[in-house]
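Shared between the two complexes below is chain A, which pairs with chain B and chain C, respectively.
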Partner chain A sequence: MNTTTTVVKPQPAKKPQVQKEDAMWLQKELLAKNYGELASARADNRKVSATFVPGNLNELLMCFNFARSLPETNALQNGMRKKSGKMIMDAERDGHSEDVCTYVKSDLGMMMGGEIGPTGEVLPKPDILLLSYTGCFTFMKWFELIRHKYGCETVMLHVPYQAEGRIAPNMREYVVKQLKETVIPTLERVSGVKFDIDRLRQYMRESAKAEEDLVAVLQSAKNRPSPIDGYFGAVYYIGPIFTAFRGTPEATQYYHVLRGEIEQRMREGKGPITPDGEMGEEKYRLVVEGPPNWTSFREFWKMFYDEGAVVVSSTYAKVGGLYDFGFRHDPENPLESLADYCLGCYTNLNLPSRVDMICKYIDEYQADGLLINSIKSCNSFSAGQLLILREVEKRTGKPAAFIETDLVDPRYFSAANVKNRLESYFQMVKQKRGSATGEPMVISNAARH
Partner chain B sequence: MTMIPPVTAIIERCQALFDDLDFTAVKQWKAAAPGRRAIGYMPVYVPRELIHAAGMLPVGILGGGDQLEVIQGDAYYQSYICRIPRSTLELGLTGRLDCLDGMLFPSICDVIRNLSGMWQLLFKDKYVRYFDVPQNYVDSIGGNFYIQEMQVLREDLGKLRGAAIGDDELNASIAVYNDNRAAIRELYAYRAAKPWQAPTSEVYLLLRAGMVLPPEEHTPLVREYIAATDAVERPKRDNARVVINGAFCEQPPLGLIKSIEMSGCYIVDDDFVLVTRWLLDDVPADANPLKELSKAFLHRSATTAAKYETTKEEKGVFLMQQVKTGAAEGVIFAAPSFCDPALLERPMLQDVLKKHGIPYTAFKYAENTGQMAPIREQSGTFADSIKLWSAA
Partner chain C sequence: MRCFIGIDLGSTTTKAVVIDENQNILGRGITNSRSNYDTAATIAKQEAMVNGRFHLFRQALGETRALNGLLDTFINQLERDFRAEQYLEQLADLEETCQRSLASANFGDAGAGVKETLTEVFRRLTAEAPALFAPGAKRKSDFFRDIAGSQYLATGEVVAKEAGTRYDHLLNVFDRSIIEVENRVYSDSIRRHLLAALERSFVALPETTSRRTQVEAPIKGILDTEMEETYVVGTGYGRARLPFSKEHVRSEILCHGLGAHVMYPKTATVLDIGGQDTKAIQVDPKGIVESFQMNDRCAAGCGRYLGYIADEMNMGLHELGPMAMKSTKAVRINSTCTVFAGAELRDRLALGDKREDIMAGLHRAIILRAMSILARSGGIRDEFTFTGGVAKNEAAVKALTELVRENYGELTLNIDPDSIYTGALGGATFAWRAIVEEGKTVEARAA
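After this line comes the complex of A and B, so read on.
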């Protein structure tokens, strides 16, 4: 049985006039509904799970009727709402180092502040922390810290790293075995719900449909002009599928509507929609590596669209799965497919694979170059990015540039520095177009106060 | 002619090995017989038995320390990433690691993990392997995975030397390392009993010698040191007995260890060069070798921030044991700057110590930290406060 409620149709009064906004509206509803479900979980007698975005097992968690929280999403939502700065400082006052990942500190700060979530509702303490150890070591410490402070039970799903650029059979076996013998029995015990593999298959069928539509949306950026922004816009598009909604009919519907809208824009030869409306002429096509900054998200995006720069593809839009390279949840082999999903997310790929992927994007999306947004918090993404930059430049001959910001720590977003850097980068792209033998861009260091 | 006391001679030899960033000892070992190979490994742990069984020299690469000028390495790392990957790259890019025929990057954190891929890109002609270790401690699950990972390494090394590695060879190497671990345990027990006789600055150098010497040479050296230092009475001071925690990957400069000692602390336990003490007791050397190495890893190995603890109750147990066995009066948390694992672990461990009434202090360092005065002052104040409280 699917316990998630059916899709909340937009209210006619609020429903926007133009069709393009339907998907956005649907997404807002989805998000609000999830926070609502979390807030009322105790009253509704539902157990609560928390897990991480990369390689998350949403379909599996739904099999046990959990209300599902994703601490990274809470942190980024708090960042966008400019609430994370205080949370981080509270965590630092509580003894956390200024050096460590700010997602963790934002989450711990939120818990210290009475667990008031991004929408203002109080979030319940999770009954189970599903520690899917995928693509990031900090995840482990993060949940150990929550467990230490709040006594929540933790269950580990260790996902081996694709160090050789492929999934070896023993890696898949290891993950499946953990699912069967550790994760599923724990989820059964904590939830009191018996595992039903057919229910899992049903959710996975829904996932695959949505995944198909998402890929069509992301690949629409191969067109000129691109009808989407594959970074700033894509973070909205990936929201439902990378979080608590993948596998629900609502998510499937969302992606269906979204795809329709994007294909319509494509037919009309339109560029992306920005917070300020339709984007002007497409002057630069970029590939971006690294997560965005959330505390100044709009300001950051504006620096791009004001200059006519559109991001045609980004690695961040693949943190929750490399669907564009063919992966789909497979209901015929549910557990193996869940394992492949976990193993395949972007930050679980080795550096050579990441370089290959970026070069492929530059080629297939006819990009002018690569921009790396290096995140202070995130060793998983950031360690090695300067080599990625060199390699991509060397292989593609396209200019690359490097900026430094943070995810949710407002102290590490220096608008003036980032803007300067971007402007000179765009200049360089322009020059490079003029001459076939442009010099690669000199890399310089941190954009910070 | 004045005779150098044996203990001094041993430490001078270790110091020379430590200072030699060109790994001359490794080159000499290789040159001593044709076809010899050396395989490097980074912290925290790799089963060195496998390398040894292939007839190769396992070489611990623990960064460049404070004597290496890092120029190229810095161009690969942002300012907010710890030092060890950049100095290790510097060693590689300046040709100092050319004597290594391969490098192993154990699963410890995202930085070392990503460094394995950088190595694949930058040193294409060398054998490179990311060595994954399980975070699931059930024999039939994490154990099987680990055995398979070791099997891959075993086969790779076998291919490198041109002949498969037999169980008998592995068992022989397990025995060699059992003896090495026993010697290190003796050294640690000796230091905990008489810390004035075995200063940690010396103990540390002995451990570091084990990163470049073959175990057959290192094990007797450790035992010779114990005997030699025991033969020379050294002054006993009323120092505070402390455990160091957090230094399991990027190593502190030797000067920092000396500063802590000079400020009035006896280090009675630590997590330096953990590979030498990762497995806590003897691994049976007469059974299925990979199975036994796996069991030792899963059930009888040290704890560090890079290793998952399955329940809340386990957190801090290992550290508390170190405190108890070493009769320590306090803990110094010394972590590398920007080290997520160590710095995120710290508040949990501090909380456990608080519950047990064990005093602690904390600071950060980098392998090239030059200014020791603030650290000396902090650990001195800490030692004084311990003494004050114990006197009260």
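After this line comes the complex of A and C, so read on.
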């Protein structure tokens, strides 16, 4: 695994319309590499694991030489490549209701179509499903369906919910105990590789370095103008570390390059780079809760940068690991640290913790307000979002807005309506700002009749 | 004189409001949005300007007391005569266009017969026209398409039968012509129509003839006054189609919030139910929007829902409310889906429920949906202002009043008879502010 990746920038003529940073090309390379590894796993005589982004125990899986597949990432990649629509309809024809999570249906539809992955390569059937249960009950049903279809082995790590808003020692012990007694032995048996804790420590050393750089990148948005978009840009930045690369030297290198690039932009006083090039004047700074829409990702983003709106922080950029409040993978306490990682996932937090986190972001990133993109087919996380909105408005005095789209179902992105609401929101922020700075808002009563 | 204009390009209708330097409302104009926002905006604005002229006529004639005691009668007569003039011109245009469409139609030997039938239909329509604008005459709609369309269909059917012409040929010609005609703007003929209407009014009201000079002078004076389009602000769904820069465009949320505030300065919560949107808006004491919620993904419970039900019941949109008001018991309609509501309606009818009771249930269903959006936006605070096309519907208002009392207790509910113009009024107020308070200069006048 100790290969280094060089940044290969394709000729501009190849894709002249889309602007990307160097790190973005590197990220693309990594992604392609992972799909390549999965495609050749059988030929390379490698076992294949599948697991989810929140609670992804990548370092542990690497200790057993698994080729690592992440079904959510597959679904979102299919969404961005406009392939998910058909997959979802296929899954619906197979009996899955309209209300089921569209990541699940996209994945099931992909299986029905012969497991042809986002890059066009055939994905292997997994040998083990590792379910770190971190708050999304749909994950459990999802793996049940895959297990039913492929009859593959499943191992579940039960992660207690942070109902009290903190990690108690017994919660950590409970997770560590499961790792020792169930998860590791199962992974050993399925892979045929003996567990080596020093190998785990080594990966964790890499993880911690990458995490340090990622946090610096995400926190660069505290600057004005923000050199990054902490939502639309961040979903690229979190790609490697949330998926199959956390703990690899490639990821460490990627975050090092990325951090360098972002710090350079900061020094030059530049704003984020968008698919249409450098973003214009930063007019609005927002915090966003909820995942982006993937099927109209570019169009959705454009609605923001066209209006000068930059997302300075998002909760979504924390779903695969919450690092900005200090947690790092710790090679000295590897299993405890894996437990803390899972327990601390954004999806495992209770509502008050989520509200606290958003309020903190609004304050620290000097945001103008909160925008919630609620996901139509996500029952776990859409519940409570209006309460979050109300509470954040109350605590921060900043305006909040609510829109609804979907993850990868192209039928649930109504561009005209989303745009209408966003523009209304931006203008509301502007108007409120005007009134707060004492701009005259005299309204005569003469027009009454 | 300087005029500040707001245009609200809604999904169903396009509204315009003109205010003067002192923020007095001069005129309001409305037209159907068609599928052409450019024309809709131009016509709504023109209508508002014409309405503004009438406002000024009334004002001027009121000051001179030339028509003491007869002022309202005269102005109303003048307005009807003006509408009749406009209608006749459009009708003539429609006839010409229909004949042109016929020339390119493929009716074979039947063509000649259709041509004659058309001539007869339009002869009758022209003869019937004055009655449409007679005092007390009821029209289902004020839009040319609707008036001429229903007349044409009714008269056409009779004439076709008499002449032995195929009715569907007549329909075909009409369908191919109406869009062209309704997208034509007759701005050049306004002055001519007003002067012709003035003559008609003197004839219709002989008692005013003796005061002809005193009446004519101020009217002509106003006709000669330029109503300058000082600043225009557009809002609504079609706002992106408005031919001016972003500076001149505001979201309808802001416009409705401000418009409601201008109408009722103590407004804290606004509910607007339009054609495809339900908006719940919270405003601060200055009319600044604090938060808002809108229906997402689905427009059931909006104005179009009523339109659909009206179609299903084979009734006019404006007949639904009055029918529901006759209800003695509300039937519970649970559906929040427009199409399902149609199915539920037929089911209820089959079960023997009375139409008026079902209507009352449907109106309650709409308001229940609005209540949930209001709750999402932070609830209803005092004072509460209800705007939009649906606010004109008495049965919707009744259901809202009841549900507000049940859920929030006693509070002031404001409904302006002209609430459909709330967004446009907000837009006009933004236009006024841009010039008077912010010292902006005019960028674009042509809309």
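Definition applied: the second predicted complex is superposed on the first by the 416 of 449 C-alpha atoms of A that agree within 3 Å, B and C clash if a C-alpha of one lies under 4 Å from a C-alpha of the other, contacts with A are read in each partner's own complex, and residues count from 1 in each chain.
Criterion: a contact is a pair of C-beta atoms (placed from the backbone, for glycine too) under 8 Å apart; a residue touches a chain by one contact, two chains touch by 3 or more.
Not measured: the values here are computed from a predicted model.
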Which of chain B and chain C A:S414 touches, first, second, both or neither: second
Partner chain(s) touched by A:K376 [first = chain B, second = chain C, both, neither]: both
Greater chain A contact set [chain C / chain B]: B
First (chain B), second (chain C), both or neither touched by A:M428: second
Which of chain B and chain C A:V104 touches, first, second, both or neither: first
First (chain B), second (chain C), both or neither touched by A:N350: first
Partner chain(s) touched by A:F64 [first = chain B, second = chain C, both, neither]: neither
Partner chain in contact with A:A400 - chain B first, chain C second, else both or neither: second
Partner chain in contact with A:L145 - chain B first, chain C second, else both or neither: first
Common interface positions of chain A, toward chain B and toward chain C: 376, 386, 404, 443, 445-446
Complex interface listing, chain C residues touching chain A: 19, 22-25, 237, 250-254, 258, 261-265, 284, 286-294, 296-297, 376, 378, 418, 425, 429, 437
Of chain B, residues touching chain A in the complex: 75-81, 85, 107-111, 113-118, 120-122, 129-130, 132, 134-136, 138, 140-142, 144-145, 148-149, 305-306, 308-312, 315, 335, 337-341, 343-348, 350-351, 364
Chain B-facing residues of chain A, complex: 94-97, 99-101, 104, 131, 133, 136-138, 140-142, 144-145, 147-148, 151, 154, 156, 158, 160-161, 163-164, 170-171, 173-174, 177-178, 181-182, 350-355, 374, 376, 379-380, 382-387, 391, 404, 443, 445-446
Chain C-facing residues of chain A, complex: 376, 386, 390, 393, 399-404, 412, 414, 416-417, 420-421, 423-424, 427-428, 431-432, 435, 440-449
